[in-house]
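What follows are several structures.
Shared between the two complexes below is subunit A, which pairs with subunit B and subunit C, respectively.
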Partner chain A sequence: MLEKGKISVRQFTILVALYTIGTAILIIPSILAAKAKQDAWISGLLGLAIGVAMVIFYWKLSERFQYVNLIEILEKCFGKWIGKSVGFLFFVCYVLLLATFVLRDIGDFMTTVMMVETPIEAIHIIFLIIVLYGVKLGLEVFTRTMELFIPWIVLLLVALFLTLLPQIEVTNILPVFENGMKPIVQSSFSFLVFPFLEMVVFLMIIPYVNRPQDTKKAFMLGTIMGGGLLIFISVLTILVVGPTETARSIYPTYDLTKTINIREFFQRVEALMALIWFITVFVKLLVLTYVSCLGIAQVFELKEYRIIVLPIGLVLYVLSLSIFPSISFLIEFTPVYDLYAFLWCAVFPFVVWLVSLVRGGERNKSGTARTESG
Partner chain B sequence: MKRIVLLPLCALVLFLAGCWNNRELETLGIAVAMGIDKIDHEYVVTVQLVNPSAVSARQSDTSRAPIVTYQEKGKTIFEAIRRVTKVAPRKTYYPHLKILVIGEELAKDGFAEALDLLSRDPEFRNDFYVVVAKDHPADDVLNVLVPVEKIAAQNMFTKLQTSADVFAPTLALTFGELIKDLTSHGKHAVITGIQLTGDAKEGEKMENLQTSNPKVRLKYTGIAVFKDDKLKGWLNEKESKGYNYIVDNVKSTIVAVPCIDDKKRFLSVELIDADTKLKLNTMKPKPEMSVTVKADANIAEVGCAIDLTKQATVDQIEELAEKDINAKIRSAIKAAQDEFKFDFLGFGEVMHRAEPGYWKKVEKKWDKEFVDITIKSKVTVDIEKLGKRSNSFINEMGD
Partner chain C sequence: MGYTLITLLIAGLVLLIDRRKLKQYKRKRENRVYFSIFMIGLVMLLIKSAGIEMPSPLNGISYVLKPLTKMM
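Entry: the complex of A and B
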């Protein structure tokens, strides 16, 4: 085992919840409001419901293989060579790519609205240094750190809600079901892909929970907490800012915190509120980088995953600067990316599941048997 | 070995912390107001900066003007703003912008194109107020020196806030709300007007600050009605108040009602809380909508001998106040339906929420539909308190 640390079920829940909130908290209101407008909350609930179902599916997959990590699952399923190759592709073409997006998201956010003249490279480097340090310290250490963050996040969220209460206009979410089901379903698909399908990376972490058989409830609970919070933030944004402005905004949550103004006294606190997503983005990037390192190390049967942390970090840094040329490109590219992510997060595990059914489950010893995948 | 590496690393924290592009306070020109006009297809942007040495509390230099304005032209707003750097000594800094003044001529031509920068650029917030300069270009308004609250933008900001809060003929409209109105299909935008009394040139001089009765003043006046982004006309004070009742903007105001038996003398009813509901009553045979106002009030001033200790008197006063408010509401509705012939009152949004199916059909031609809609209005005033006297001392004075 590359990872010798163990985390508790409770820590796992926190990890899942913070990971779900991740970068989504910055942009999800505009994604939900883009098509569903004032019905964003219905899309949200629909997305969350399917998301939880997917999470249960991921867990079942893990249970079927007696909680070994994803690479081992693939090896058992497809045999050593094909399993490792597919696993390598998954970690490089999906997990690492996702980590790149997350890093770029926070960099773009900082340089668009908070520190406009600061070079994006400076922000990426500083963010990466902390993340790589966390990855190097290992799973046990960084999940404990996250436990420390929880009270702050809760405190800030409660403050956010209370200070915005006076500005809520209930008419903003009316009328309900104006445009029928189609836009609601479209928006909920985006919400499903981002962030719920991204939960697939936890197939690499479930094995390191001290009682993996108990993680089903924790996995669901974490997803519901994180997803619920995202829906809550989206609804709050729409209630305060209105559906059209929410949809037009690139960082609606930041706009939302900018409107906080209690009697000209408690105002301009957005930089403080930004702490919420600095923490969640940090967690998400940390988990993704950690999982990439662990996965790739396992593919090559390295003794230590720590030796590839720095190289992976460098790759991340370079990729994050060159991955897309402009925000417009990203917006145009997003529907394509959604489908791409759907392939890796839904179709791919499903194929693994089917193959394992055909082959009679995990009882096959890995190594010799070979089956072509569908 | 580890410690040797760690020590300089820790030391770095001290030097590397802080912002990349930090700017010290004394290098910033803090913009507090901005005016936009249009002359010959070019935008004219006027920026009002605070003159720090003239307003600082400790060593304020009263011989200098508290504000300075700079003006430049440009094909776009941003070009004009950047061109200001040629004349302004410091780089202008916009997060503290309090008020945006739109010149009347630009307002008539349509001003929406001028606003995108303000919603896109991260330096601008969306909580500053927007007003229209009536009868003057925006720069005249920004050049006036005003006493008491010496930073003119702050003066205008507070004035607008207070008058909207306690008298309600004006509308403290933030930039964010304006954008919402401009993009709504069920409500056209309205913006409060600001007017300059006296000679604009006189207002720029320090003498205006050195007298107890300044010749030139800035005064809020009525509400400008826009169709999309083009100014179509002005509401008078009565209609403006009616407008504010309808859109539920009245927090507190004074209703002067005639004494019951004596039509020449008046008493003041102070509304302390007013709540308006717009509703769609029925769709058949024709759409009918309604305005319902519920207000709590106190008697604030009595100018004649009446017996306030009797519930019947208070009931009568309530009725008179209701009539007065209702008349204002009717005048605003009349202005919308008969004079302007488009919906700036937001009934379209009510229709949108109540009958989304019907709305889909009429959305594009709502203004035509709106003109023929029956709008009922009902006002209820509850008088609860009389202040710290029961009957007025006037009652004791005899004739």
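Entry: the complex of A and C
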């Protein structure tokens, strides 16, 4: 085993919840409102329901292989060489790419709205240094750190909700079902792909929970907590800012916090509220970097994953600077990305599951034989 | 030029931090994997710092998947 640390089921729940919120909290209201308009909450709930079903599927996949990690699952399914190559492709082409997206998201956010004159490289380097340090310290340490973050996030979110209460206009989410079912379903697909299908990386972390058989409930609970919060934020944005403005904005949540104004005295607190997504983006990037380091180290059968953390950070840094030239490229790329992520996160595990079904009889027999003899 | 110097500085710093770990591994495999990933990163960083535009991997993905998205 590459990772010797163990985390508790409760820590796993927190990890899943914060990972779900991740970068999504910044941009999900505009993704949901783009097509579904004021019905964003319906498509959010639809996406969440399918997302939880997918999460259960991932857990079942992990359970089927007695909670070993993804590379070992692939090796058992396809044999050593094909399994390793497919695993390597998955970690380089999907997980590492996702990590560069997350890093670029926070860099773009900072240089677009908060620190306009700071070069994006500086923000990337500072953010990466902390993340790589966290990855080097290991799973146990960073999950414990996340437990410390939870009260702050809850406090800030409650403050956000309370200060925005006076500005809510219920008419903003009316009429319901104005444009029929089709835009709602289209939006819910984007919502499903963006935070929920990315849960596939937890197939690498489930084995390191101290009681993996209890993780099903934790996995679902974390997803529902994170997804519920995202829907809540989207609804709040639409209630306060309005569906059209939400769909037009790039960072609607940030615009939402800008509107906080109580008697001309309590205002301009958006930098404080930005702390929420600094923490969640940090968690998401940390998990993705950790998982890609662990995966690549396991593919090459290294003794420990810590040795390749810094080189991978170097690659991550360069890729994040040159991955897309501008944010308009990203917006154009989004439908392609949805499909790409769908292939890696839904079709790929499904194929693995099918192969394990076909080969299942033979493996189960040898599995029971081993337990009897042992 | 200044950008290239900073690049080399970053690379040197990475090696400096990891030098003890690298010495500790007598096994060749760790060092080989380490330096392959490191060289990929360094070469990309040098190309970037020289101001040459690198082709983004996303263009390839777009090229392959764009017809499929249109079908959907």
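Couple of notes before you dig in:
Quick note on the criterion: the second predicted complex is superposed on the first by the 361 of 374 C-alpha atoms of A that agree within 3 Å, B and C clash if a C-alpha of one lies under 4 Å from a C-alpha of the other, contacts with A are read in each partner's own complex, and residues count from 1 in each chain.
Throughout what follows, a residue touches a chain if its C-beta (ideal position, glycine included) is under 8 Å from a C-beta of that chain, and two chains touch if they have at least 3 such contacts.
Just so it is clear, the structure is predicted and the values come from calculations on it, not from any experiment.
When the two structures are aligned on the shared chain, A:244 is found in touch with subunit B, with no touch to subunit C.
In the superposed model, A:50 makes contact with neither subunit B nor subunit C.
In the overlay built on the shared chain, the residue A:351 is in contact with neither subunit B nor subunit C. Judged by the touch definition given at the top, the superposed model places A:301 against subunit C, while subunit B stays out of reach. Set side by side, subunit B and subunit C differ in how many residues of subunit A they touch, and the one touching more is C. In the superposed model, A:319 lies in contact with subunit C only, and not with subunit B. With both structures placed on the common chain, the touch criterion links A:258 to subunit B but leaves subunit C unconnected.
Once the two complexes are overlaid on the shared chain, A:117 sits against subunit B while remaining clear of subunit C. The residues of subunit A shared by its contacts with subunit B and with subunit C come to none at all.
Across the interface of their complex, subunit A is touched by residues 19-21, 95, 122-123, 125-127, 176, 179-180, 183-184, 349, 352-354, 356 of subunit B. Residues of subunit A touching subunit B in their complex: 112-119, 122, 171, 174-175, 177-178, 241-242, 244-245, 255, 258-259, 261, 268. The touching residues of subunit A, counted against subunit C in their complex, run 97, 296-297, 300-303, 306-308, 310-315, 317-319, 321-325, 329, 333, 335-340. Taken together, the subunit C residues at the contact with subunit A in this complex read 10-11, 14, 17-18, 21-22, 25, 27, 29-30, 33-34, 37-38, 40-42, 44-45, 48, 53-54, 56-58, 61-62, 65-66, 68-69, 72.
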